[in-house]
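Okay, so subunit A shows up in both of these, paired with subunit B first and subunit C after.
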Partner chain A sequence: MKKLFTLDRFVALFLIALSLLLSESVEYYGQELIAEITILAIFAMSLDLLVGYAGLVSLGHAAFLGIGSYATGILTVQYGWEMFPTMLISIALAGLVSALVGIFVVRLEGIFFIMITLAVSQMFHAYFLKNREFGGDDGMPGIQRLDLEAFGLTVFDPADFAKFTLIVAVLVYIGLDLLMSSPFGRYLIGIHQNENRMRSLGVPVEQYKLAIFIIAGMVAGLSGSLQAQHTGFVSPDAMFWTVSGVVLIMVIAGGTGSLVGAVVGAVIVRLLSHQISSLTEHWMLFMGLFFIAIVLFASDGIYGTFAKYCRRSRWWKSAGNSSD
Partner chain B sequence: MLKAEVLRKSYGSLLVANDVSLQLEKGERRAVIGPNGAGKTTFFNLLTGEIKADSGRVIIDGMDVSGQSSDARARAGLGRSFQKNNLFTDLSVIDNLSTASAVAARLGKVFWKPFSAFREIREDAENLAEMVNLTEVLDTPVRNLSYGHQRQLEVGLALATKPKVLMLDEPTSGMSPEETKVMLDLIISLPQSLTILIIEHDMDVVFGVTEKITVLDYGSVLIEGSVEEVRNSQVVRKRYLGDAKA
Partner chain C sequence: MYSDPTFLVIQTLNGLQLAMLLFLLSVGLSVVFGLMNIVNLAHGTLYMFGAYFGIWVYNLTESFWAALALAPLGVMLLGMFFYEILIKKLRNAPPLQQVLVTFGLIFVGLDAVRMSWGNLATSIPKPEIFSGSVLIFGEIYPSYRLFIIGLGILVMLVLYFCLERTRVGSIIRAGVDDREMVSCLGINVDLAFFGVFCIGCYLAGLSGVVAGAVFPVEPGMDMSVLILTLIVVVVGGLGSLKGAVVGSLMIGLAETYGQVFIPEYASVTIYALMAIILLKRPGGLFPARAVQ
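Coming up: the complex of A and B.
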């Protein structure tokens, strides 16, 4: 039986407490960085739903982030919508597009799935790059932030905006954690483990893959909307395939198959690249070495490896947890 | 309960199922035997829909499922085990069985309630584990199980969906004589009302489990009859059992 206090939830709590503490103490740039990483973490969690739970390795997930960003930008800047309904529509739109894409791609496996998601996301990138109406390659500036006066938050204050993104991230984490511990989540794990067996047990596998593809797209759309509000700007670069690649690296570096792993990956990769790039212009080299080290010495990812050792250790077992 | 009508399948000029027909009554236990490459597993795959037949029909409990996918046929009541272990290798025995039980209970669309809250699923899974003699290894990950235990779990997963027809593809393949004995007892102990179709090479198992045998050869039915009829058939002796063994 699953305990209420799993290692995952423990670490999640720790990360949230740490970020809240930091958002008070650090300077302007640090607060901006917290918001950026938190948004990335939401995006990484959405990708982990596909990679870690359903076994769908997508190299085009940034397309849905971009759609969330553009929807937020277009609706608020060009149509003068309020931010709150815009966010809901942005999420729904990202879900709709991922449904349309998903119908075609979830049937594919392995390398074909990777290539087709890559291709589709590049199509979206090309469309927004060429479309003058939405700013073309210059992008779209002037995106406002959600008004949170009613909750006592001034979103133009970077510390408050960081808190806002943290609250959203926590809600996303709780929602997805519940989803993944449900029977639906168990089906996905079964499909990831052995798709053919699930089918012969009577599961229409493609429907479940499509469902998680849509959910992942919606969460990515949410992170896109937040990103647009954070930077006040959206450009086609947001959906370029390298963005999908970087977040995939984050998920893998953190450890696939656990939401916290995705978050840890986003935090560590972003912080490291930030730190190393301020020391040397050859920072990509050191990032490369770092990833090689992970592949060689922590093949379950940073968090995955950490969790494995924790579960084996006496301390964790003596705290009344089984070694599941 | 299960009816196959003139199933035909060919890959180019290679005919792997040549108008194979078969009818199982409720509670009947039937063995399909035949030399290697006779098309036994292909026949199974045609029944379950994993391979689409070129022509012919499959009827489960009065329902024509010919055009349907393998998951739809499973929902209609076909449960199968595989010749090669086909399990959830990173999950424990109990998680394997409870996943299958959840599928049987059609819980897949439940996303708001923790899986662990479904006590009846856990109980189902524990009962299944007892049925296939895996109670001592409930929490062992499948990849750490002995081969014999894995084969037992293979049957357990097929049983979990509470099928109308249980299809076992060489449940004892690769097993030691002791393990085979355990499997044989397991199959014999299954409820009499369950219709069973079994592919098997071990003649002790075949004769121990079934009353009626279908012999396949080169993708067609060579003979179908009671154990005695098949044992005494000249054709079968020549083609399959070998004169010495008779």
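Coming up: the complex of A and C.
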């Protein structure tokens, strides 16, 4: 039985409303932070498609973010393209590259998948680091933003740009939520839970994994394009493996296997590290203890554990929902 | 210069030296991985603590050998402590939780080192008898590097003997192969695992002390070896001594040759090598257990 108002969608609505309210009320720096976190949340959702739904733990996802960023930078700055077609091409390119990578890597499992995605992303990083044409290790400055005058938004106003990223994030969320509730998404979850069973049911497991790898790459490319527009700059640092590592930690901390969990992880980890580092220089110590505490006391991740208790609680059931 | 055989020999020795350090780091990690499926990302942190404990002991005793003897034991105690309070609880947890906890430990370890010893890079002075150099085909070569190679080979031989010729070794090999069957035979696999974990910590600490005399000792040195170590583990295959030996030799030599012969692609040599190997052999070269 399909329900329209799942807990995930309810929390997603709440988060969107909260960010919209905040984007009006906070100062310049806060608005910049909202845009940054929203872009990060899109990136985290794309990784959760792999980690939480398909069981493919990637430590090289930043490569596709970087490809989206570089495509946006190269096409607009060096070739003088308009931003809107550039964004579409950036997404398509990220998808194409992830298809080429995915064909080779999706048959690997566990730690081997982790390490090969790491290897691939480090090779992309090295390529852009060495390539003087695209700025080498200095990166590429001067990237413009999408013109949204037609919608009444001036994107150089940080509040309006934050709203723009929020709109994109909502569209991505709706799209991915529909995708994951579709038979395609159910197959993926089935593969994650018991690959051999799905295989013996005649499901072409590798093709499904490749498909989600490409979709995740495209969404990561979109977040990369947005990031390039936000900072006006792209450098090889964007695809270094630590970027992939941090977003993987965010997804795990938030709770894998639900898009909202990935978003919650991105928001909380980014805000916490921002807050703690402004209070003490030993922010790493507290973040480290925070991660350990999550596993010990909220083993399904922050949102995953919250959702578990909510679904068990009386008011959620009394609102006409089943416990699952 | 590249065709000069002496140059090649020197670079090969450099490669072997790196390979031996990687071997000390990866063998424990690989067997723990193979035996219990525990993903310990904090293994590099143990290496860093080995180096800092080494400096600490050296400052107290003025002796490299005291540092070499005591610091790895300190690292082993540290590892046992974290095993008892944390890792034990996670033995059956999903791998992602292990990733998050050990990643948290990396953060905690990094800040603990910064708080205790500061941010500046230092090093452990070399021992007197290995502070000079020797002549190899007319080239001057630091003798300490030969000491590292010798130590690595010694550890390899000792581990080989223990794994292949002793009862404990056969329990460990059988445990990697089929853990449930071994525990059905009334053998305490958890205890064997604990022993392997401790030895892995000890060797990580040992490599930290040894490396502390050639590489800078600084916060962040853990991350630079972590990736190399993980690459060795997956290239060699999980849980086998042979895999750790072959993997560390390949990666140590590839990294060194890459930096010398193709400097512009040095940063990708080992990644390319790993990618090729994993595409041909998805379970690494010599996994202890056949990949399903």
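Assume the second predicted complex is superposed on the first by the 324 of 324 C-alpha atoms of A that agree within 3 Å, B and C clash if a C-alpha of one lies under 4 Å from a C-alpha of the other, contacts with A are read in each partner's own complex, and residues count from 1 in each chain.
Please note the rule applied: contacts are C-beta pairs under 8 Å (C-beta built on N, C-alpha and C of every residue); 3 or more make two chains touch, one makes a residue touch a chain.
These figures come from a predicted structure and were not determined experimentally.
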Practice prompt. Could you look at A:S225 and tell me whether it touches subunit B, subunit C, both or neither (first, second, both, neither)?
Written response: neither
Worksheet item: Given the touch rule stated above, what does A:G190 touch, subunit B (first), subunit C (second), both, or neither?
Response: first
Discussion item. Under the stated touch criterion, name the partner, subunit B or subunit C, that contacts more residues in subunit A.
Written reply: C
Discussion item. Per the contact definition in the header, classify A:G202: touching subunit B only (first), subunit C only (second), both, or neither.
Written reply: first
Worksheet item: In the superposed arrangement, does A:I116 touch subunit B (first), subunit C (second), both or neither?
Response: second
Discussion item. Once chain A of both complexes is superposed, is A:S181 in touch with subunit B (first), subunit C (second), both, or neither?
Written reply: first
Practice prompt. Could you look at A:I249 and tell me whether it touches subunit B, subunit C, both or neither (first, second, both, neither)?
Written response: second
Practice prompt. Touching subunit B in one complex and subunit C in the other: list those residues of subunit A.
Written response: none
Response to the item:
Note: in the complex, subunit B contacts subunit A through residues 48, 50, 69-72, 74-75, 79-80, 82, 86-92, 98-100, 102-104, 107-116, 118, 122, 139, 157, 160-161
Worksheet entry | Contact set on subunit A toward subunit B in their complex | 1-2, 178-179, 181-187, 189-190, 193-194, 196-205, 208, 322, 324
Practice prompt. Over in the complex, which subunit A residues touch subunit C? Could you list them?
Written response: 51, 57, 104, 107-112, 115-116, 118-120, 122-123, 125-126, 129-130, 241, 245, 248-249, 252-253, 256, 282, 284-285, 287-292, 294-296, 299
Discussion item. List the residues on subunit C that touch subunit A in their complex, please.
Written reply: 33, 39, 86, 89-90, 93, 95-97, 99-101, 103-112, 114-115, 227, 230-231, 233-234, 238, 264-265, 267-268, 271-272, 274-275, 278-279, 282-284
